[in-house]
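Okay, so chain A shows up in both of these, paired with chain B first and chain C after.
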Partner chain A sequence: MADETPKPQELLDRIAYQPPAKHWMDVPVNIRKGMYCYASNPKSVEYLSMPNARPWNPLEDDWQLPENWQQILHEGFKERLEKFRSIKVFMDICVRCGACADKCHFFIGTGDPKNMPVLRAELLRSVYRNDFTALGKVLGRLNGARPMTLDVLKEWWYYLFQCTECRRCSLFCPYGIDTAEITIFGRELLNLLGLNIDWVATPVANCYRTGNHLGIQPHAFKDMLDFFVDDIEEITGLRCEQTFNEKGADILFITPSGDVFADPGTYTCMGYMMLFHYLKEKYGLKVTWSTYASEGGNFGFFTSHETMKRLNAKMYLEARRLGVKWILGGECGHMWRVINQYMDTMNGPADFLETPVNPITGTVYQNAASTKMVHISEFTADLIRHGKLELDPSRNDNKIITFHDSCNPARGMGMFEEPRYVIKSVANHFYEMPANTIREQTFCCGSGAGLNAGENMELRMAGGLPRANAVKYVHETFGVNMLACVCAIDRAALPASMEYWVPEVDVTGVTELVANALILPGEQERTMDLRSEPLPGMEEADE
Partner chain B sequence: MGLMAQLALRKDVVVDKWFARVVDTYPAETARFLRSQKDPFANPVGRTTHQQLGTLVALLDADWNPDTARSALDPIMRIRAVQDFSAARATGFVFDLKQVIRGLMKSPDDARWIGDLKQLDRLIDEMALISFDLFMGCREKVYELKANEMKDRTYKAFAKAGLIKEVDDE
Partner chain C sequence: MNQFYLSSLLAVFVLALIAWLGALGLPWLFGIVLPYLAVLIFIVGVVRRIVGWSRSPVPFAIPTTAGQQKTMPWIQQAKIDNPSTTIGVVARMALEILTFRSLFRNTRMKMNGEEGRISYHLEVFLWLFALAFHYAFLTTLVRHLRFFLEPVPWCIQMLGTLDGFMKIEILYNPIQVGLPGVYLSGIVLLAAVIFLFLRRLFVANVRYISLASDYFPLFLIMGIAFTGILMRYFIKADVAAIKELTMGLVTFSPSVPAGISPLFYIHLFFVCVLLAYFPYSKLMHMGGIFLSPTRNMRTNTREARHVNPWNYPVKVHTYEAYEDEFREKMVEAGLPVEKMPAPAEAAATEEEEKE
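Let's look at the complex of A and B:
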C-alpha cells in the first residue's frame, strides 16, 4: 500500500512492474504499514521483568538492541534446542516438499511467498543451519544457511508476527512439522531482545497484575456483570444474579475477559449467566466467577513458555483457593490449546481438583481427568443430550447460522461435534461451509495469536479472506446471516472481517444462541433476543 | 461480424490471457499457485479474479451496464486493496485488456476496426475509473475499521454499563 503519493515516473514504473523472480533470501524485508503491530510499551515489558524494555519503532533503522544481541540469540537458540526436542526435530527433518506452502491463510490472502509456512520456518532454519550444523557452516548458502544479521532479524520479526499459530499448515505436513510451534519458539527468542508487539505485551502485563487482559479491576468486573443482570431482567423479567469468589461453590467458571467487556461477546456472557441461573434454579448447581482469575485467554502463550505458565497458574491457584470441584471454561480459543497441550506439563497435574463430573447428568469427563477443565460446549451438549434444558429453538428462527471452527478448539483439542450439536438443538436453520474450510481444515479468522490490533488491519483483512470467502458462499447460497463461533478473539475480530468482506453477516457466540432458546423457569413472555432485537414474529410487539 | 461479436466467440481465450496478466502482478511463486489451484475455497484470490474477469469480458458484448461492471470489479478490488499494491498497480490490470484484445487480432491497425476499438477502449477506461473508485472505497473502509475497532467494541460495552463518564455528564 502506498502511504505517500508517488511521483509520475514511479507510477509508470510500477504499472509495468512485474516482480522479478528472485531467491527468497535476496528479497529484502519491507516493513509495510498496515501489516505490523506497534512495538511493545516498555512499561509492560518491564512489569514482566522481561529483557530490553525501551521505546522502539519497527520503521526506524535502529531497533535499540543490546550490543551482544547476536550472542543472546545464539545462546537462546542453543538452550532451547536442548530443551525442546520437537524444535530440534522440526529444524532437521523438513524436506521442503511444499505440501504446507499454500495452506496458510496469510499466504493465500496476502500473496506474499514469505507467508508460505515452509518459508516462515526457513527463516529460523537458515540461521539454525549456519549456527548449529556442520554442513551449513561449510557450505553456507548452498546448504540454505545464512548468518544472523539485522536484516534477518527484522525479517523474523515481521513474519513471525504474520502467523496466527493456527496450525492449519501442520495438518498437511507428511512429517507432522508444526510451524505454529516454530513461530512460538521464534517469538520467544525475539522476546529475549525485547521485540514483542504491544497488543501482546500490554495484555500480558495487565493480566499478570489485575487478572485480565484489559486491566479491569475486580469491582469494575462485577459492575459489568451486574449491569448484564439488569439487561437480562428487561428481556426475561428475571434477575440472574451471579456469585463471585464464592468459596465452596461446585464449579469455578472462567472465560476470556473479552466476553465481559467487548461486543458481541457481551451477549454470550449474558448467555452464560442465564444458563447458570437456570441450572441453579432447577438443579441447585453452584457456579462461581472469580474477579481475580478473570481471564481465560492467555496472551503469555504468544510471548514465551514461561509467561504462558505464569498466567495459566493463576486459574489453578484460584480454583484451589476457592475449593471448587473443577473448572468450567467459556468460549475461548487459545485458552483451550494451553489447557489441552501445555497445562499438564507446566502446572499440572491439578490433582487437588476432582475429575469433572456433571452433577446433573452424571457424565464423567474423562477427557479432562488431568486438566480438570471442561468446555462450556461439552457441558451444554451433555445437558441437552440428557434432556435437562427446556428449549424453544424457534426463537432463533430469524438466524440462518453457519459455524466457524475456531483453530484452537478444533485443531488444538479436537472439538468438532459438540458446538454443532448445541447449535442444531437451539436453532432450526444451520448450514455448513465447504468441507475444506471447516473442522480440522478450518481457516483462521486471521487475527489470532495476538494479531487482532487495529493498526495491522490490512494484514487482518487479507488473512481473513479465506474464512470470509467461505462465509460469503453460504451467505449467497443459503442466505446465512449469522456466523457462530466459540472463541472470544473470533467474536472480536470477525465482525470487522465480515464488515469488509460480507457485510450482511453478523457474529455470535454459541451460548448466546442457547440463552435465546432457553426457557427460564418463571420468565415473562419474551419479545426480544439478547441483543434487544425483536424475536421472530414479535416485530409488531416491538413497535 | 463486428469486433465485439468476434470477441464473444473467443471469450475464454480473452479471459485466460487477461487473467495471466493479472496473476503476473504477483511474485512468481504466488502466480504459480494462483494459476494452478482450481478450488475456489483453497484459492479465493485466483478463482475470484478469474470468475469476475469472465463477467467483465462478457459485458463488452452485452449491453454495457456500469452496475454490473461495478459488482464484478468489487470482489477483485476488495482483495487488491489489502494486498501489497499501490493504487496504480492495484487498478492497472484493467488497461491490460486493451493489449490482450489487440494481441489476439490479426490486424488491429486495420481501418475497419477503428470504430470498434475506440468504443472498446472507452468501455475499458470506464472500467478503470470504476475500479479506482472501488479501490478508494475499500481503502476508506479499512481506515474506518481501524478507527472504529476499539471504540465500537470495548468502549461501547463500557459506555452501555455507565462506566464511562463523559464531560457533559456533569
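Let's look at the complex of A and C:
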C-alpha cells in the first residue's frame, strides 16, 4: 500500500457529508493523487486501434486532445442517444429526489457530493441539456445546463472513474435509473478521445492478444497450472492434471485469469482443478481449459460496448472450435454481468452448443438454455444437492465465514442462494452480514470496473469502507475470520481492504472452501488446507 | 443556490400577476385560447417525447435483478423482483408504478461515532409523501372531471363523496360552519407538496442537487392547490359560471360567462402552464418509468436471446491468428495446435472480421 495513503482513522475523519456552499458547477475538479488511476499507455490504446493513442498525464493542463474534441463528443453523444433508449430516458426523467445519494459506497467513503449517483449523472445531464434540449438552451444554467469545456471534461473523467458500475443506486431509484449505464456510456465517450485509464486499457490489449488480462502466454498459462498440480499433490498426494485446448471435451471452463496469478485467487483456481479431477475420476466428466479464451473477465466492458464484444467473442469462438457441449464459468463478478446480459446478444446465437445438462445429475439448466453457459456455483450446488460430492465440512471448521455478494452476480443476475447453499454444505460456521449490506443491497468491494490499481489506493479504501464496515460488524459479533466471495476482483481487492479496515479477516473463493472439504478418491490423509495451513485438529501434526 | 428557488417562486408570482391582469382585460384569451393551446402542447409534447424515446432501440437486456434468479427447481425464485416471465414483469411494473416499490426500499445511512460504525435506517418519509402527493394529485384530477361532464357520472360523484368524507366532522367545527365538505385530497396535496419543498430546502445534499426545474413545478402545484382551496372554502367562486366555461371548452362551443373571479383565472392559468411545461420537464418521469429498461424487461437473459437491432461485426483476434503468434511455444509446452509448425515459419498475424 502506498505510503501516502491516509491511515484508516485519518480517512474517516476526512469524511464530511456537508456539501460546499458554492453551487456544484462552480466547484472545479481537483484531480487528487491517490484518487485517480494513471492514464492509458498509448501502446495499449493503439493495439486495439482505438482513437487518439498518445502519452498524456491527467495532472497536466494539456490532455493532448484532438482539435475538434468537442465536436467528437457531441456527435458521439448524439449517436448513442439514438442507439440506447436507456441513456435517452435516463437523461430526461431524473427528478433529483436524492434517494440514491447515500447508497453509493464512494459517497459514503468520501463524502464528495459529486459521488452521489444523481450528481455523477448530472455531470453528463448538464451537457445533454445544453446540447440537446430546448429549455436547456434557453434557460441555461437556471435549467441545469452548461456547455462542454475542458474543465467539464476533466470532471467527467475524474468521476466516471470513481464509479464501479455496481448498480446499487439503481436498485433504489424509483425509475430504475442505472448509474452503471451512465458510467458505461460516459466512459465510451471518453474513449473516443483516448481518455482511458491504464488499469483498463492494458489488460484489454493483453486480453485481445494473449487471451487474458495479465498477458499470460499459452505455455506460461499451462506452467502456472502445473505449479498448482504440484502444490495440490503436496496436500492430497494426488496429481490433478488438467487438459488444455482439448477437442471433444464435454465442457469448456473459463475463469478470470486473476485466479491463476495471485493469492488468494490461486487457491480458488486449485479448487477448480481438484473439483474437475474429482468429477473425471468419479464420473468421467471431461472439462477442458483454453489458453486462447483464458479470461473470464472483460475489461472491455469498462471501455466500450464494442471492446466488450471484441473480447467476449473468444468464448463462443473457442467453444465452437473445441466442439464442447456447453461452457462452465468460474467465479467472477462483471464477467457474469457480461455473460448473463450481453454475451448472447452480442456474439450469439450459440446454436452450435447444447442446452446445458449436468451429465452427472441430469439437471437441465433451462435458465441457460440460450446462452449455454452455467455458473460454477450453480453447477456445484446441483452436484451437492444430488449427493454427488463426498464432503467433509469439518475441514473448514477453523473458518468462520461470511459471504460477500458481488455486485454483478447480485444486481445483474440474482445469484444469491446457490453460493450460500454451497458454503453451508462445505463448512459449518456461516454468518450473514446485516441485511442492508447483502444480497441485492450488497456493497461493492470498492475496486470494481477497472479501478483495482495501486495508485488510487485512497479511493479504493474509501470505496471499500461500507463493505468492510459490515464485515467488521460480523467479525466483532460472531468472530468471522473469512470473507467468501464469487469474484476475482473481490479476491484481488478485498484482501487490501480487509488489511486496511479489518485486519483479522481473510478472503476466499467459494470453490476453495469446496475443495478443502472435498474428499478426493485415493487421497492421502490431509493435514493442510489449500493454503498449506494446518487443518483444524492438525495443528500439532504440522509441527 | 437561492437563485434557483427564488427565481422559481418569482416566476410563479409573475404568472399569477399575468393571469390576474389577463382576467380583467383578456378573459377570452385566458379562459379559452390558452387552455386549448396548453392541452394541445401537452398532448403533442408528451406524444413526441414518448415516440422519441421509443425510437431509440433497447440494444441489451439490462434489468436490475433485485431478488433470486430462476435457476434449479429447488431454489425459490423471486418472481417479481427478478421476473423471468412477462407476468412477473407486469407485476414488478405495477408495484413500481402503483406503490413506488423501489423508493420504498429507501434507507438513510448514518455514520456513528469516531470509529465510524455505519448503520442504515428505514427512511419512509420520502416514499410516504411522494405516494401521498401522487395519489392526492390523481384524486384531485379525477374529481375535477365533474366540471367537464354533464351529467356527472356516479363514480365521480362517489369519489367526491369519499374524498370529502371529513365533511361532517369539520362542519361541526364552528370555524367551518357553512362551508362545503373538505376534500382530503386537496389538503394532502398541498401538505405533500410543502413537505417535498421543505425537504429540498433543508436536506443539505438534496438542496445541493436541486435545480430551478425542481422548484418551479413544486411552486406551480402549490399555487394550483392553494388557489383551488381558496376558491372552495374562502373566496367563493361562482361554480355554475365556471362549469359553463368548462363545458363550453369540452363541447367546443366556448364562451366566457360573466362573474368568474380572477382567482379562477389564476388557478386555470397555473394549470395551463403546468400542462405546457410538462412535456419539456422532468415531469415526464410519468411516461419514462414505463420505458425504463432496468425495470420493464424480463430477466430470462440466458434463457432467451435478446436481439440488438444494430449489432454489427467487430474485429476480433481469431484463434488462428493467436496460434500463428504462439504456435512454437505451444508445441514446446505440449499444447495441442491446429497446424504443426513448418520449419522457419513466418509469424504472420491475421485479423478477421467476425459477426
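Simple rule for what comes next: the second predicted complex is superposed on the first by the 523 of 543 C-alpha atoms of A that agree within 3 Å, B and C clash if a C-alpha of one lies under 4 Å from a C-alpha of the other, contacts with A are read in each partner's own complex, and residues count from 1 in each chain.
In this text, a contact is a pair of C-beta atoms (placed from the backbone, for glycine too) under 8 Å apart; a residue touches a chain by one contact, two chains touch by 3 or more.
Keep in mind it's a predicted model, so treat the numbers as computed, not measured.
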After the overlay on chain A, what do you see for chain B versus chain C, clash or fit? clash
Quick check for you: in the superposed arrangement, does A:Asp382 touch first (chain B), second (chain C), both or neither? second
Chain B versus chain C as contact partner of A:Arg32, first or second or both or neither: first
With both complexes overlaid on chain A, does A:Gln64 touch chain B (first), chain C (second), both or neither? neither
With both complexes superposed on chain A, which partner does A:Asn428 reach: first (chain B), second (chain C), both or neither? neither
Just chain B (first), just chain C (second), both, or neither: which does A:Asn481 touch? neither
Quick check on the superposed pair: does A:Leu135 touch chain B, chain C, both, or neither? Answer first, second, both or neither. second
Quick check on the superposed pair: does A:Thr527 touch chain B, chain C, both, or neither? Answer first, second, both or neither. neither
Report for A:Asp223: first if it touches chain B alone, second if chain C alone, otherwise both or neither. both
If touched residues of chain A are counted for chain B and for chain C, the larger one: C
Have a look at where A:Gly144 lands relative to chain B and chain C in the superposition and call it first, second, both or neither. second
So which bit of chain B gets in the way of chain C here: 9-17, 45-53 or 135-143? 45-53
Name the residues of chain A shared by its contacts with chain B and its contacts with chain C. 15, 17-19, 101-102, 108, 113, 116, 223, 434, 436-437, 465-466, 469-470, 473
Which bits of chain C are touching chain A when the two form their complex? 1, 3-4, 7, 49, 52-72, 74-76, 78, 81-82, 84, 96, 100, 102-103, 105-109, 111, 114-118, 120, 126, 130, 203-214, 280-282, 284-285, 288-289, 291-295, 299-308, 310-311, 314-319, 322-323, 325-326, 329-330, 332-336, 354
Name, in rising order, each residue of chain A that touches chain B in their complex. 1-2, 6, 11, 14-15, 17-19, 21, 27, 32, 34, 101-102, 107-113, 116, 214, 220, 223-224, 227, 261-263, 266, 434, 436-437, 453-455, 457-458, 461-462, 465-466, 469-470, 473, 492, 495-496, 499-501
Residue ranges of chain A touching chain C (in the complex, touch as defined): 9, 12, 15, 17-19, 23-24, 49, 81-90, 92-99, 101-103, 108, 113, 116, 118-119, 122, 133-135, 139, 142-144, 167, 170-178, 181, 208-211, 217-219, 222-223, 244-247, 291-292, 305-306, 309-310, 313-314, 317-318, 321, 339-342, 344-346, 348-349, 363, 365-371, 373, 378, 381-382, 385, 410-418, 421, 434, 436-437, 439-441, 465-466, 469-470, 472-473
List the residues on chain B that touch chain A in their complex, please. 24-30, 33-34, 37, 39-45, 48, 78-79, 82-89, 92, 95, 138-139, 141-143, 145-147, 149-150, 152-154, 156-158, 160-163
